[in-house]
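These notes open a run of structures that come right after.
Same chain, two partners: chain A is paired with chain B first, then with chain C.
Here is the complex of A and B:
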């Protein structure tokens, strides 16, 4: 039994992971459609940026995608660390938070960079 | 008359497979084969059985790699050529030959709060339970478990982490969570939540596939996850 996380928190984490998975399912479909439609004829980097800069709908969609990943991935990695490495101390929670911070910052920075004019 | 080439686990954890030649009969069950070996070839072969008709749940073994009731498994259904391999159940310590120590299995039923706890006495009126209500239907779907351990032996998560409660204990908890007469629901949810309980289930479904009673512990565990989440959101856990 994990001593670092109470059962109530584990239940809430499961809930958050399930909700974020639902968001991710939609985001991944949207993302694949964007790739297939946009890149059909081949696009240069400059052409991509010309389409994304100032496109706030694009920015909102990918910001949502990043936030869903930020919730979903660290919880999943924590479960894998618990199960495969038997890592069940406070450290695994700290590592998951740090990974969430890195994922969120890097993702939102990338969205910012392609959307800001 | 043809013969079966039967490999049987002998010894405890450090044992080995030993081969026996057993006459092949019509409508022969795996339990018939094991009993033949004990009565005619290896008098000290250790194994368990009682009812021989799939009611008691004591004769489960690993037959050609899969956990099954030996009494209700016809040789014809599982034999590969003329070969049978019979081993004790997985995920449980072996006492001797085909008999496992099921203490941990049953202790986990208790740990998952598998005991019914009501609030009424014999002087009160009978509880009125609507058979068609969703809760009663959910309980009915899991109630026929006889504790044979086939699901527990088939569960990979139990193999990975020995403190995991396992499918049978959580199926039992699920039937009680859906019993409107029971009064320790929250305590039970607390017992089955977390990484040693329902949240570690990978939904692989081996328990459901192998259950000789065709129960679906996987569905029960998924139900526990949902109810535990609702309780956690309400702050009841």
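Here is the complex of A and C:
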């Protein structure tokens, strides 16, 4: 468990981090627009769900957003753990996988919760 | 701190790195909470509404405002990194550091306008 992450894995992580960043850049612009529209006049459960329930385009957009986050965020946290906490063992990869699982499941559950009619 | 460290840190690109890292860390920690909050909708409109009412106060609104700014800063900082890494080399794209700050400011102001409209 104490062996360092291989160079090949590091390169693959870099690639996935950048690829997910490209998707996220587009998703974040969309999300910022949604936020600005949603908060106008105050947020209410009824108002939010009236827009989202049964809206499959909205669901597809946010499912894509969640999946890109699931790839991007754990790799970023792994970098911070490596560089700021000197945590460079393969244990950090396991922790990142666990965080990805939590993020992916919780994110898709949230999308399901607001989109399912 | 060594003299060279000081010189390296007294540079727009270092501050861009720091903003990108800290905003990313804050967003990564916020995401599971955000997903959990939206997941309330699974129990119905009333559950989501109850949670939203809980957050309808100046403290949470200020927090949301900060997160919107961090999200736009992180997105623009990420686009700068993608340009540095994938486009022909033209230096550290310090103009994009300024664009990022401008985008963060604009997103923060737009969010405030939406909140009060």
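Worth pointing out:
In this section, the second predicted complex is superposed on the first by the 111 of 117 C-alpha atoms of A that agree within 3 Å, B and C clash if a C-alpha of one lies under 4 Å from a C-alpha of the other, contacts with A are read in each partner's own complex, and residues count from 1 in each chain.
The rule is short, and it goes like this: a contact is a pair of C-beta atoms (placed from the backbone, for glycine too) under 8 Å apart; a residue touches a chain by one contact, two chains touch by 3 or more.
Remember, it's a predicted structure, so these values are computed and weren't measured experimentally.
Judged by the touch definition given at the top, the superposed model places A:57 against neither chain B nor chain C.
Within the superposed three-chain model, A:10 lies in touch with chain B and out of touch with chain C [touch as defined at top].
In the superposition on chain A, A:46 makes contact with chain C only, not with chain B. When the two structures are aligned on the shared chain, A:85 is found in touch with neither chain B nor chain C. One of chain B and chain C touches more residues of chain A, and that partner is C. Once both structures are placed on chain A, chain A residues 18 are touched by chain B and, in the other complex, by chain C. Remark: chain B residues 160-161, 163, 190, 193-197, 199-200, 225, 228-229, 231-233, 235, 237 touch chain A in the complex.
Contact residues on chain A toward chain B in their complex (touch as defined above): 1-2, 5-8, 10-12, 14-15, 18, 79, 82-83, 86, 88. Across the complex, chain A is touched by residues 21, 24-25, 27-28, 31-32, 34-42, 45-52, 56, 64, 68, 71-72, 74-75, 78-79, 81-82, 85-86, 107, 110-111, 114-115, 117 of chain C. Against chain C, in their complex, chain A makes its touches with residues 18, 21-22, 24-25, 28-29, 31-32, 35-37, 39-46, 48-49, 66, 69, 73, 76-77, 80, 102-103, 106-107, 109-110, 112-114.
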